[in-house]
Amino acid sequence: MSRGKHLGRLLFVFSMIALLMAGCEEPAKSVLDPQGSTGEEQLTLIKISIYIMAFVFAVVMVIFIYVLIRYRQKPGDDSIPEQVEGSTKLELLWTVIPIILLAILAVPTVATTFSLAEKPSEEEEALTVKVTAHQYWWEFEYEDYGFKTAQELHIPKDKKVYLKLTSRDVIHSFWVPALGGKTDLNPGQTNTMTIDAKKVGTYEGRCAELCGAGHALMNFEVVVDEEQKFDQWVAQRQEPSSQPQTAAQERGEEVFSQNCMSCHAIDGAELERKGNKAPNLTGFGERDKIAGVLENNDENLEKWLKHPDKVKPGSYMPSFDFLNEKDMKSLKAYLQSLE
Amino acid sequence: MSAQVEHKGTQAHLPPHPEKATMESRNKVLGFWFLIGAETVLFACLFGTYLALKDSTMGGPSTEELYQIPMVALATFILLTSSLTSVLGVLGIHRNNIKQVKLWFWVTVVLGAAFLGLEIYEFFEYVHEGHTFTSSAFGSAFYTLVGTHGSHVLFGITWIFCLLIQLSRRGLNMETAPKLYVASLYWHFVDVVWVFIFTVVYLMGKVG
Amino acid sequence: METEVQQNQAQQETDPTPESAVKHLLSFALMIGLTLVAFAAVMLEVVPAGMVIPFILVLAVIQVFLQLFTFMHLDLKNNRMTVTFVMMGLIIGAICAVALFVLG
Amino acid sequence: MEEGFPLATLVILIVFALFLTAIWTGGYDKQLLNRFRSHWLWDWITTVDHKKIGILYLIGGAFFFIIGGIEALLIRIQLLVPNNDFMVGDTFNELLSMHGTTMIFFVAMPLLFALMNVAVPLQIGARDVAFPFLNSLGFWLFLAGGILMNLSWIFGNAPDAGWTNYVPIASNEFSPGTGIDYYVLGLQISGIGTTMGGINFLVTIINMRAPGMSLLRMPMFTWTSFVASSLILFGFPPLTAGLFLVMFERLFGANFFDVAMGGNPVIWQHLFWIFGHPEVYIVILPAFGVMSDVISNFSKKRLFGYTSMVFATILIGFLGFMVWAHHMFTVGMGPVANSIFAVATMAIAVPTGIKVFNWLFTMWGGKIRFTTAMLWAVGFIPTFVMGGVTGVMLASPPADYQYHDSYFVVAHFHYVLIGGTVFGIFAGLYYWWPKMFGHKLGETLGKWHFGLFFIGFHLTFFIQHFIGLYGMPRRHFTYQPEDGLTTLNQISTVGAFFMAAGTIVWLINIIKSARSAIPAGNDPWDGRTLEWAISSPAPEYNFAQLPQVRSLDAFWFEKMEGNKKMIPAEPLGPIHMPSSTHWPFIMTIGFFISGLGFVFRSLEVGVLGLILVFLTMFIRSFEQDHGYHIELDEIEKTEKGANA
């Protein structure tokens, strides 16, 4: 097995070289650098399997290269090699050894499969979040706290988070590589999955099941905070400050209520109807990203409002390029003021 | 292989088992068995789909309310009998008795048509009760499964009918005999599928 | 396996008696009987409730084998390949149907 | 979308109708028909000769390989830089769906069918296949299906739900228009053809072996073709059933998958993968067979562990049906189902490993000649093993939660599909080319072809393992600059162009070697199996006298006994041949019209096409055709010419 380990290491070195080739860009989302226990368990399994596979590959390669060098036909040699039928001993050998190797892999595989499927226990006081996927955005409902948000999943550090996953339209898949593997969101069915994060930070999430034209941009973020900060965030979500302060913001609210409200909701605002066809915009001003893809600034916001379809192909949001400059400005001011 | 097309003509030449007598007919029979194997899996998939969806009635009648066992029983006996008659036809081939062949295969066609008539009647009844192809997932799965079987019955009687025409024109020879044999295999297969339909769809539907 | 081709040829020449209809009539009677029992099991509630479905399924399977080996002239000796493939079809079919039912 | 029937389609239909009436009535001018009949194309359209059909499959498959390859290049170009807007959204989805579908169904399968058609009957010493008519029909249906599906590029609206076509994105609600209909009908039509092809090979191999060719004397390629054909037999019906369900849902308002009406989209996934997994073994097993024959031939050695190879093949085929749900680990089937399918999947590594080591030990102690065919086979071993072991990694569900639908999977399956199937196909083509055309493919250009393609392949796909592990999902038309994936993707794209260059070298090679057409002789590679005992290209009737087979590697055995030729098992005599027929082609036109009709939601036209199909079936059933005989003197003339 020492050779196996050696080769496993080699493979990692290889991956490092590949990283180097990539110009040392550090992906914010890598399976190889997990930040939570789910991802860690999975990486352990990945490593075990890589070691086994590296060993198998090495054995094959050694024989392969030896054979190719040793048994090429030399020029002028026309002799006929012995026509060997086979060898029961050898054949048994390469039947039994793979079986053993596979057993070594199968045992932790089955164990982990079951352990990952477990629901967090009562003592763990897991946070439950209901995740609903839509073409092409994410809705996160904090059932215990009674509010919904979109595109950004906030969770406290070091706490189990129990996700209940479902879809409103087609099949999507929830994937945050740094925190753990994916689970599908099927319409008419609820899947579950448990994750946690051991480090404060922001982790990239992706939709991993082809869901239509905008699939590649159905991104989201998982924001991990210290428990205290998370509680603050929760409090803020429960008492959002959505009152316009300036004249521009006031005008913006009006524009919003005329144009956006049939689809979007804003908690805490004194608006009459609350749409739920599109992301809840409470706290929009604090989000990192617009629509999960554009950096949240004024320029990008305008780009999005004017041509959502260009930013995210297939997006159901209509274009608002008919708004005059002043309305557009007020609307942006209003949206950015939402906390 | 070289001698395979010698028996074109008269009845006198027909060997006792024409379906095994030449390479060509052996190929035909074996190939047909393979087709039956494939169709088995096809139907199995439709059965599985039906089983998965049979409770999704969306407020329409449930299987227990819907199915009328007497009619199904009648259809079953008709089809089972036709299976027997077609095998009697095959025995006719083996005896080189064209009259027997014709008689029994005609009876088979008639029984098949009767079965089909019953099935169509049954579908009409169900549609009246609000159980249609598009009314629910259950409806879609039911009509697809039973309808696919029905279309096999239709194909079977048309096929045997065509062969009967050929039989009258050309007599029983090394060409028509294996064809009839294969057609009867097909007919038995259709019957086998029905055995599962009346068990899995109708009877199990009554058990709930 | 080695001599299958020759076997087929040998067998076709030495097939003596044209078979009689008795076997088929008997088999038909059995099929009718099995069918009647299946219908009765469901309609008359003679079988314990939990056992009905397995019971009628077994009856159906028996009927299938009757069809295969009498009406369809399948026999193990001369059609080993055919029997293998038909059985494979049944096994794979069963797996498909059950999997769709359970997992679908 | 398009209600009614677009004009272009109508025109096509009218042309077809005219064409048909011309054939049926003999035209307004009898001469026209005669001219038709004497044209060389007519020969190919009506042929029932398995070798010619093999060549037709080759042409069709190569054509679609270029199309699928161009689609792949466009995919790679789009991914060259982050936030590229070359081909985004639905267009990208269409590209990747068509690429995957084309490559699997219209490249891998037909090219393997090409090899099987050419080699299997020759290897078992048969004069013909069991069902020449069905064989021809199978080819035309494959072609019709492929063309029908690719028409979607011309009429707009290609399939866009991946080659897996998952519902609900493939349902009317989320994919309006005709895109998915092309997929459904194209595959349905070509699938019928494939099933026929499979049955044909099964019966041929079981019933038509030469005297003495027992099952355990069959060459490995014949064995793997046999098992692959059985997989086709049982694997395609679930696809057929699934496609029917989708078609009923899209065209007639059925509700199998619509949750609102009580349906369940997961049913499609099961049906697709019950087919889909056997499918990947359908395309790998014949390639294994090619490798076995090529490696044994160019090592000058009998295949090591022949019997265990046979049983490993059968076992792979059987297990192939028990593992489909490993594509669905993230669907939410629960830990029990996931574990069962995981362990079953891993088990397949054992018989496959037996094969790999048997190949290695076939070379061990041999005298290896590095012809181009052998290079492909040699390149295949490490590449396929690499793809195989990543497959076993994928088989572990918790790890698969991470890999699934990421580029890691893309890397895995290109390693097995290209490193396995495509390498196998190229090996087979270089190997059997002389038997098909009478001359070899150029060895120098061949080596360039191999080198460019091999390097390009590893450049493209090795990197993709890491792209996946760094978090890039598959079927994403873009990535963000800060994702750190840019350089990796660029390397991958460059590799794809190497492969394109290799492919172009291959095409040049074909043309150049056809121009010079240096006769290769009957047995250019010092072959071991029966196909090398007859002339190149093989005569119409294959074997003037059926050979008496006395051993595995029958021809090699005779050579070792000092015989130059096989011992005949029968006296020379007139040979019966099936006559050419145009009915398969016409029946296919019926299917094609029907498919087109359903695609455009014109039921009348759809039914019309089907009526044409049944009509031709009916006519064919009444037709009395006993073929013809090739007379003795003609055979003697041909044989003399070949041996001169």
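Letters A, B, C and D name the chains as they come in the text, with residue numbers starting at 1 for each one.
In this section, contacts are C-beta pairs under 8 Å (C-beta built on N, C-alpha and C of every residue); 3 or more make two chains touch, one makes a residue touch a chain.
Chains and their UniProt names: A = Cytochrome c oxidase subunit 2; B = Cytochrome (Ubi)quinol oxidase subunit III; C = Cytochrome C oxidase subunit IV; D = Cytochrome c oxidase subunit 1.
If you're wondering where the values come from, they're calculated on a predicted model, not measured in any experiment.
Chemist: Counting C-beta pairs in contact, which comes out ahead: B-D or A-D?
Modeler: Per the contact counts, A-D leads.
Chemist: Could you tell me the distance, in whole angstrom, between the mean C-alpha positions of chain A and chain B?
Modeler: That gives a centre separation of 52 Å.
Chemist: Counting only Cα atoms for the centres, state how far chain A is from chain D in Å.
Modeler: Chain A and chain D have C-alpha centres separated by 36 Å.
Chemist: Could you tell me the distance, in whole angstrom, between the mean C-alpha positions of chain B and chain D?
Modeler: Roughly 33 Å separates the two chain centres.
Chemist: Note the residues in chain B that touch 2 or more other chains, in rising order.
Modeler: 26, 30, 34, 37-38, 41, 45, 48-49, 52-53
Chemist: Two-or-more-chain contact residues of chain D, please, as numbers and ranges.
Modeler: Within chain D, the residues that touch at least two other chains are 202, 206-207, 233-234, 238, 264, 266-267, 270-271, 274.
Chemist: At least two partner chains per residue is the criterion; list those residues in chain C.
Modeler: Each of 8, 81, 85, 88-89, 92, 96, 99-100, 104 in chain C touches at least two other chains.
Chemist: Is the chain-to-chain touch network here best called a line, a ring, a star, complete, or other?
Modeler: other
Chemist: Inside the complex, what are the residues of chain D that reach chain C?
Modeler: Its residues touching chain C are 202, 206-207, 209, 211, 214-216, 230, 233-234, 238, 264, 266-267, 270-271, 274, 321-322, 325, 333, 337.
Chemist: Give every residue of chain A touching chain D within the complex, in rising order.
Modeler: 15, 18-19, 21-23, 25-32, 39, 41-42, 45-46, 49-50, 53, 56-57, 60-61, 63-64, 67-68, 71-73, 77, 79-87, 90-91, 94-95, 98-99, 102, 105-106, 109-110, 112-114, 116-117, 135, 169-171, 173, 175, 177-178, 180-184, 186-189, 191, 204, 206-217, 219, 293, 313-314
Chemist: Which residues of chain B touch chain C in the complex?
Modeler: Touch residues, chain B against chain C: 15-17, 20-21, 26, 30, 33-34, 36-38, 40-41, 43-45, 47-49, 51-53, 69, 73, 76-77, 80-81, 83-84, 86-88, 90-91, 94-95, 185, 188-189, 191-192, 195-196, 198-200, 203-204, 206-207.
Chemist: Given the complex with chain D, which residues does chain C contribute to the contact?
Modeler: Contacts found on chain C: 1-5, 8, 81, 85, 88-89, 92, 95-96, 99-100, 103-104.
Chemist: Quick one: which bits of chain C touch chain B in the complex? Just the residue numbers, please.
Modeler: It comes out as residues 8, 11-12, 15, 18-19, 21, 24-25, 28, 31-32, 35, 38-39, 41-43, 49, 52-53, 56-57, 59-60, 63-64, 67-68, 70-73, 81-82, 85-86, 88-90, 92-94, 96-101, 104.
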